[in-house]
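Report on one structure; see the data block that follows.
Chains here go by letter, A, B and C, matching the order in which they are written, and residues are numbered from 1 within each.
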C-alpha cells in the first residue's frame, strides 16, 4: 500500500487557489445547487400548469394543482443535485470516460458545503444536517405541548395543529431513520473495519443531500396549507387533503431513496472492504447492527416509495388505488404503509442496540457478553420485523382469522429483542463501571427501552389493543422506544464519538446536567401518557375531556423542561466547539476498537497501512481461570 | 493480565456471591411489588367489571400483562441499580473486569424462559380475543367468533366529523345520540361515509375502525347503566378532536321508550334516508375532467 | 480543522480490481432485492384489490390491454435478457464479440419500451378507469423506468468500451487503466440485474396481461 501512496499527489495542482472569490463561486457547489433548484422548481411548476390546465379542469377551478407541485418539487430536487455536481459522474460515464472514485475535493471548510466523497466529511455533514431538522421537529413538539395545555384549541387552529403534529412526526421519523447510520456509521464503519473508504463514496454523499432536500421540502408544507394526516399519511384523508400533502409525499419518497442507497452502501462496504483477518465473527457489534439495519433499509424503503407513488397518482391524476369509489381500498394503503412502517421502527431501534452494546464494554472494561447471542438477536429482529405489520390494523376490520397470528408474531419478536437486554446485563456483570456521560446514556437506554418494549407487548395483545389503540398509550409506547431508546443512545454516541470526529472535547459538567435533566424530564413527560391513554384520550387531538387538563399540564411543563435540557446540550456544543476548544486525545476512553487506534483528527486516508486483524475489539478484562467456573471460552 | 482471578469488591477474601445476592434482591422486590401493583395500580387501569363483558375482559387482560411485566421490569431495573452499586470502578483505578464472554447456561435459560413466557402470554391473549371478552374489537364483516343469542344491531355511521347511529331493527331510524339497553348483546356495525374514522367507546370496551365501503362488526354487552364517552380514535381531519359525543346505557324500558320517541320524531327524516345497508358509498364519479 | 483537507489532486490508492468486482456484484444483488420489494407493492395491490372487488369496480368488463403489443413487449424483454446473458458469457471467455451482443440487448430493451408505449395509446382504458386500470398503468410505467435505468448502466459500459477502442484511456491516477478490467465486473453485475429485472418483467406481463 505504501508504494502506491508515494505516487499519490500531483505536483501541478498542489499550488494554493489564488482565484478571486467571485470566480471560486462559479462551479458545482451549494450556491449553484440552490439556484438550479429554484430554477427547476419554477420549471416544474410551469410544466405542471401546462399539463393540467389542458386536461384537469377541476384543478383550475380549485387552485389545487398537485401535478404542478409534484413536478416542481421533482425538478427542483434534480436541479439541486445537478448544481451540487452529482450529474457529472453519470454524464461522464454516459460518454464513456473512465470511472474515478473521488471528486477533486477542495480545501478547507467549503468541503462541508458541497459534494464531498470523503466519508468522514459526509459523517460530519449528516450530524449537522440531522441536528438542524431535529431542532425543527423539536420546536414543533414544544408548540404541540403548548397547545395541549388547554383542553380546547387556543393557540393554533385545528388545521395548523394537525400540521404541527404531522411535521413533528414526519420530520422525526424520516430524519432519524438515518440518524445514527448517517453520521456515525458513515464516519466510523470504514474505520472499524480497517478500510479507507466506503464502497460507493459518491452515493454516500448523495444520500446526505437527498435528505437535506427532503427536509427542506417537508418544511415548505406550511406554504401550501400543511397536511392533516399525521406521519402515517392514511388514505382517503390523504387524497382529500390540500396541496401541502404533496410535500409529505415528496419528503418520504426522497427519504426512501436515500434509505435504499444508504443501506446498499453500508452492506457493500461491510461485505467487501473488511481488512485482512476481519472475519464476520470479529466484527464490532455496531457494525453488525448497521448491517442488520441496512438489510431493512434496502428492502422496506422501496415499499414506501411505491406506496407513496400510488398516493401521488391518486391525488394528481385520479387513479383509484386507495379511493373506494373507483374500486380502490383504504385497507390497501394501511397494509402497504405498515409493511414498510414496521421494519421502519426497527430501522430506528437497531442502531440504538448497536451503540449501547458497542459502548458498554469500553466503560466496564469487560468483553461484550454473548456476542453471538446479540447478533442473532439483531438479525432475528430484522427478519421478524417483516412478519408483524398487521398489528397496526387489529381493530381496523381486517380478516379476523389473521389477528391471532399477528399477535403471536409481535409477541415473539420481543424474544430476540430480549437477547439484547441479557447481553447488556451480562456485560455489566462484575464489571468495573466508570460512570462517564456516554455510560449514563446507555444505562438510561436500558431503563427507557425496557418500559417502551414492555408496553409494546401490552399493546400487541389484541384485546388490550381494543382499549389502547389510537390513544395516548401508543404515544407513550413509541416515544419511550424511539426517544427513550434511540435518542438516548444517539446522545451516548455523540458524547462518545464526536470528540474523535471534530477533535474537541465536550464540557463534562454541562453534559451531566444535560443527561440528568433530560432523563428526569423525559420520564416525567412520557410516563403519564400511559395513564392518559387508559383514560381515553385519543391521539392527534387538540380538544380533550376537561378532567384530563391537570395531567396534560404536568406533561406539557415536563416537555418544556425536556426542551430546555436540549438547550443545555446546544450550549455545550457552542461552548466546547467555539469558545473552549480543548483538543481531544486520540483515545480518551481507552477503547480497543479500531477507530480509536488512529490519531485525532483522523488522517484523510484513515490508515497509514491497512491493519491485519487477529481478534475482535473486545479484548478487555483479566482472564478468568477456566476452573474458577464463571467464564465460557472466548467467542461464545 | 497474569492474575487468574478478577479482584472484586470482596478484596482478597474472594468476591461476594453476586448471583445469590442479586436474585434475592429481585425476588424479594417482586414479592413486595406485585401485590402493590395489583392493589394500587390495578384499579387505575380501569374497572375490571361492571361496565360490560368486553371491558372486563380487556381490562383483566391489561392487568394480567402488567402483572407479568412487573417482575420482568423489576429484574432489569434492580439489576441496573445493583450494577450501579457493586460493579463500579473505584476512582483513579484502571483495573479491568473479568474477561467473561458468555455463559451458555444463562443464555439458554434466558432464551427458554422468555420464549415460554411470550408463548403463554400470546396463548392467553388468543383465548381472550376469541371469547366473548375480546369481541369488542372491530373484526370486519365476518368475525371469527360471535356471541350466541339475540343481538341488537346498531349501525355506527362515521363521517367528517360526527357519529350517527342507525337502528335497523327499529325501522332504520338514524339518530345523533347513542342509547343502549343494559344487559343486551349489541352488535355494532361500523362504517364510514368518507375517510377512515374509528368508533371508540372504551368504557364499554369497543373500538372498531370505520372504513368507507366496509362493515366492521364489534360486540358489546353493557352490564351497568351509565353514561359513557364515544371518541373518534383515527385521525380524520381537522375536527378529529371534536368528534366525540356522550352516550348512555339505560334500562330496557327506558330504551324502548326512547327509541319509540325517536322513531316518531324522526319519521320524516327516516323516509328520505337511503335504505339500510351494510355500507354506503357515493356513486362512483370521475374526479378528474 | 475537523478533517484534514485532501491534498489537491490526491486520490485514494486503488485496490485490487476484484474488490470493485465484488462491490458491483453486491450492489447488483441488493438492487434486485430493492426492486423486488418495490414491485411487490404493486403485485400486492393487484391481488388485494382484485380479491376485494370493492363495489364491483375492480375491472369493468370492457377493459382489455392490447395483447399483440403486450406480446411484442415481453418477447423483446426476454430476448434482450438472453442476449445480455450471451454477452456476459462471451466477456468471460474473453472474446471480443461481447460488445455487439450487449448492444443488441440494449436495442431490444428500447424496442420493448417503445412497444409498451404504443400499447398505451391503443388500449381501451386509461389510469382513471378503475382499480385494475390504475395498477396496470402505474406498474407498467414504473417498470419501463426500471428498464431505462438498467439500460443506462449498459450504455455506460458500451460507451466506455467504444471510447477505449478509439483512444486508450490516459493514465489518470486512481483510475483503472484497462477498461476491460473495469467493464468485466460491471458487465457481469449489470447482466445479473437485467436478468432479474426481466424476471420481474415476466411477472408483470403475466399478472397484467394474462391474469
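The rule we apply is simple: a residue touches a chain if its C-beta (ideal position, glycine included) is under 8 Å from a C-beta of that chain, and two chains touch if they have at least 3 such contacts.
Because the structure is predicted, anything quoted here is derived from the model rather than measured.
Interface comparison, A-C versus B-C: the higher count of C-beta contacts falls to A-C. Innermost chain of the displayed assembly, by C-alpha centre distance to the whole-protein C-alpha centre, is A. Per-chain CA centroids place subunit A at a distance of 29 Å from subunit C. Annotation: 47 Å between the Cα-based centres of subunit B and subunit C. For subunit B, the set of residues that touch two or more other chains comprises 213, 281, 284, 286-288.
Shared interface positions of subunit C, defined as residues touching 2 or more other chains, are 54-55, 57, 128. Shown for subunit A are the residues in touch with two or more other chains, namely 317-318, 324-327, 329, 331.
Those residues of subunit C whose C-beta lies close enough to touch subunit A in the complex are 1-14, 19, 22-23, 26-27, 30-31, 33-35, 37-42, 44-45, 48-49, 52-55, 57-59, 127-128, 130-135, 137-138, 142, 152, 155-156, 158-164, 169, 172-176, 179, 182. For subunit A in complex with subunit C, the residues that touch the partner chain are 1, 4-5, 7-10, 12-15, 90, 93-102, 104-109, 111, 118, 120-121, 124, 196-197, 199-200, 260, 263-264, 267-268, 271-273, 298-303, 305-307, 309-310, 313-314, 317-321, 324-329, 331-332, 335-336, 339, 501-503, 601-605. On the side of subunit B, the complex with subunit C involves touching residues 213, 281, 284, 286-288. Residues 1, 3-6, 8, 15, 18, 44-46, 54-55, 57-59, 61-62, 65-66, 69, 72-73, 76-77, 79-80, 83-84, 87-89, 93-104, 106-107, 110-111, 114-115, 118-119, 121-122, 125-126, 128-130, 133-134, 136-144, 190, 194-196, 198, 200, 202-203, 205-209, 211-216, 218, 229, 231-242, 281-289 of subunit B are the ones that touch subunit A when the two sit in their complex. For subunit A in complex with subunit B, the residues that touch the partner chain are 55-58, 153, 157-159, 161-162, 228-230, 232, 234-237, 240, 317-318, 323-327, 329-331, 364-373, 394-401, 403-404, 407-408, 411-412, 414-415, 418-419, 421-422, 425-426, 428-435, 443, 446-447, 450-451, 454, 457-458, 460-471, 531, 534, 536, 538-545, 590, 618-625, 628, 630-636.
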